[in-house]
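Dropping the structure in here first, questions after.
Each chain carries a letter (A, B, C, D, E and F) given by its place in the written order, and its residues are counted from 1.
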């Protein structure tokens, strides 16, 4: 976008925000409409699709067996990958993950990992030798802003929907048996992103707002309201005061969002 | 090539073809002169060089031990790779395989694999653990059109020339012994490519023709005259009628070509 | 640099060299001032920093366990890698190793490997199964010419500084014990690079000279004065006579340089 | 998981999923479902779930790939890591690169490439769930995405496979039939021009079986073509309805 | 090597390396040590040893990345293979790519990017030895490298982490505390503008603990800021001394 | 396969393949055998089988690599996967990248690069079968490919190695000698200019042995040079014959 258009839009968005309004009619602290659909990919062990306004993210979970990391021989492994596939936006190009998709994957990963959402000890098959590996693949299908919150929400919803194969170990071989058990989870982290425009905080910035915000603050909260991950983004800053304010606001919104996840 | 030159050449080729003639003097259903030389790379387990007019392809076969695929524990492995090395044409550039060399390798692979040319069951050393891996490397040395047929022919000729090391298994170790046996083969697929210009079918299009043909049809035939692989190419089309006509023509030419392979 | 500047500089350097002088005041066969500091990276198993004039190279050595090469089951493994990190010169760009860094790594590798500097037989833990792997990482921190000699010197100094973990093998497992022993070394190869300008040989060409020399000759010498590696570089040539002359000069300088390494 | 079924066709001539030899799987098509794309379509063909989007005509990047006398069509066929049994690495496989090429060459005969010289059109296909016959379903969807983007076309391209299962030529193989069966013949077709734009085969067929398979596949194509037209109509009716509301 | 220490904080409230909860590790900074860079700095923060260099403002390569109305700041955070316990492959890891991005975004608020339109500035950071808190020490050094290169800046950026170790909020975690401790909060700060330009967290903190950690980290930043100023002064005094000699 | 031979040189002073110490392997050279290249040559040097082709002078891609005052010479040395004992991945190895560089630098002194400013010449070398000494045989062939392409040259470059096997300096090592022997000294030479354009060594040699090896290698070069000239003559005689026929 040319810098002129950006400046005109910034002006317009700023004036609205001064009045507590936004381009798409929302209040400053409102999320867009959210829809969560679980189990959309029957062949994956778990999946969920999240619509946040026009932003659409699909997360698929695959479970395979693999070897544990040497320093955690009794823990299963979880990896998060994010693909900004080119059909989601004219700005996305085919190719290996760039810094944006890597940052997205790592923020989603951090929320799940640091909150101990998955009980990885229960994914161990044979200590030091064989464990279950949980692949969480974030697939952005339409980019209309705030990919982080949509992706994090879809990831947790997909994990809640994930079934683990039953198995037994015979002579060091893993034998997959009939039936499934749910993936063992101990928490359900919720991620909330705020934008700062003109020293005002807004919740869930969408695409047009993302192009003009000074800075972004993302916080993930655990079931008990504790913080489990944070990421500041964009080339702007926050005052210490804004961070604490933002934390309170994000905590409230996390509680609100969590209600959308039924379990 | 500029589109003007292409159009002039297209005109010229079309006019000739109307009269049943071609730029290089061949009839519409003639192959260029074909020479097959086997065993040209003594250090490889098998090799063959094919000249089809000025198109020159060298195929080398290496045999190593490796692990079978989990879903076929009792079968050896065959892989085909094709390199369009830059000395073969000013249009080839050094670098990783592009879509053309990948398609070429996969067409050659399909002909061999689907016809069960190699008796992979006989390449199993220890079920699920150790098998022979057959590497078929297609090396294009001069590109003057119809790389598919020349490569497929050279690949089969090289496999027919391939010797497998004798071995015995002792305490789970493979011990290579003196002497060789021929690679076990059960069929000898022959691949024939047709081009369509102005609704006429021609056999073995060479470089100048390739630049103007509407579409390409490649068919591989087994020893018994059954079809074992097909690939339509280029941005044109065939009518159902043309496909059936083409199939009959290709079958004839395959029988003709097969005679060049002595076994 | 533009070719005009190069020509002017070449003229200037040539005229000085005719008089036995150099731009930076050195004599034709003098090295720049050399400083060697060992153990600068405490967390690495070995390290050394070499300043050769303004050229600065850091070498870190890591030791890990790994598998031996099939054809040398009783030998540890040594690998050399060189990074021309972009903070060392405006001419270095981030990215995978280019031909310059690969050549640098391979010259350093050759000097160490061919002189049998490391007693790799003593790095074997279990024949054919487990050996120590010595990673020598050359890190160029400032490029002011003659990276080869500075890197080779830093590599040998770092190896001399390298400590191996004590260990014992119990039930096929390697158990790391308290304490260290020095890396077993049998020689200390010294690498000397000469430049040729206007049929004169100069020692240790620095950046400005490197841009105008006809050719480069690098020779590595063993403790006993034998030659263990050679590399001619750049798009010029040497006469047979110049090579023999250069060999004698390089041998002298190697003896001189070796004194800087205390052991 | 890997147990092979004993019989792919039962005594009544019905297949594992209850279909007759010449019966298609259920096909559901929606057009225009991706807001950011210039054109898009979603297809469920059996358990295949595939999205296709078209962007363009637009400036080419990099520029030197553009052509002074025509539009350049590019195509990427890509599978989501979770779309198949064992997780697939997101890096494009050799299979995906080949399919991207043959799919592009199956769409190109339908496009009036000379209408927009110097421009490019990108077709992006994402297989979200795979169950045999993804390349055909991808072509069916991609062709609609192009139409939805307003790219001028001679005809719609539609695709369907036939193949051989236990000595019988059957239509539209699903995953298990594809893997255990003895041949698969994917065909792309332009119904109004009676033109085959994609034809591949692996497995073994006699010439007669091949002839029958091609016929059967083309018949399948014609049935799916009706669904394509309906999906396009639905999209335009929705558009008209919206416009009326706006007026 | 991998034995976890039993207690990270002893009865006197002292940490494994003898520090109090709110005590920084020793920090040593030098400015202008790389002859070929336009600006550079070296920092030893505890056992971290890090070099940062700035090149620019200069022409951008490739050109199409330049911007008509501003300077483009690029940043590469990279670890030497020998900087960590197990040898690190020199190819950039996902972690290094993410850190390059957040470090760039922590420096950019301080730079007057509009002063040199169409140009670029590259910041290259090499971690020679890592001991916990490398991103913070990298920012502290990189900001000085920019200043040393004469890039016009609103303020110096300085960074420091706080975290939680055995239920206690502590300043400036070193490697073992970082790995065994329960939370880490790296903060970058512009002291004169009172602005936080980097904020991350992993681990678990209550809101109160988080508030305390941010305060503590900012206090740490302010102390390191004094050392930054001194390092710059030393560099300029040396320069002046040299100039006097030359006159 | 991996059994090391007991003696590389027998009592009569003959080597495993029956050669004397200063004897070359059989060398066969053909010029102009690749129709699409501007120049080409094929060499069989012992069991080495190598093709070299030259393309140019032609426009450089990418353009920014061209030089206003000279032609740019590029070179790629590449081994076919089947050319060596264990299959070699077709991706260029570090060894191949180094050899491409030193081969280029061995050819460049012979080329009048100033004759065609702004252009490029590409030399592509494919090792079809390797048996020790591939870089030398590659240079011998590549130099002829350049000449065949009509690139103006000061001299032909020819290459040959000498080395040390069981305490004896010998000429032109083949694979086994190269691997089991104690030193290898490849040399490239311009006979008319008496100039060494490639010199490498690995192994251990005393200064005297080195001196002897260089002399012996240069003598080998001179012999191969005669074969180069003959191969060029043969090509041109064929050309003339063809021209006469055409007239």
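Note that in this section a contact is a pair of C-beta atoms (placed from the backbone, for glycine too) under 8 Å apart; a residue touches a chain by one contact, two chains touch by 3 or more.
Everything quoted here is computed from the prediction, not taken from an experiment.
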Shared touch partners for subunit B + subunit F come out as none
Shortest path length from subunit D to subunit E (each step joins two touching chains): 2
Enter the minimum step count from subunit A to subunit D; a value of 1 means the two chains touch. 1
Which one of B-D, A-D or A-E makes the same contacts as B-F, at least in over half of the residue pairs? A-D
If every chain is reduced to the average of its C-alpha atoms, which one ends up farthest from subunit B? E
Rounded Å distance, subunit E centre to subunit F centre (Cα mean): 52
On a C-alpha centroid basis, what's the spacing between subunit C and subunit E, in Å? 32
Nearest whole angstrom, what separates the Cα centre of subunit B from the Cα centre of subunit E? 58
Inter-chain centre distance, subunit A versus subunit B - centres from mean C-alpha coordinates, in Å: 48
Sites on subunit A at which at least two other chains make contact: none
Going by the touch rule set out above, what shape does the chain contact graph take here: line, ring, star, complete or other? ring
Successive chains around the closed ring, taking subunit C as origin and subunit E next: C, E, A, D, B, F
Note: in the complex, subunit C contacts subunit F through residues 3, 71, 97, 99, 102-103, 105-106, 110, 113-115, 217, 222, 225-240, 243-244, 247-248, 251
Quick check on the complex: what are the subunit F residues that touch subunit B? 1, 34-37, 40, 47, 49, 51-53, 55, 58, 76, 78, 80-87, 90-91, 122, 124-126, 128-131
What residues of subunit A sit close enough to touch subunit D in their complex? 41-44, 47, 54, 58, 60-62, 64, 81, 83, 85-90, 94, 96, 135, 137, 139, 141-144, 176
Along subunit D, where are the residues that touch subunit B in the complex? 2, 68-69, 94-95, 97-98, 100-102, 104-105, 108-109, 185, 190, 193-207, 210-211, 214-215, 218
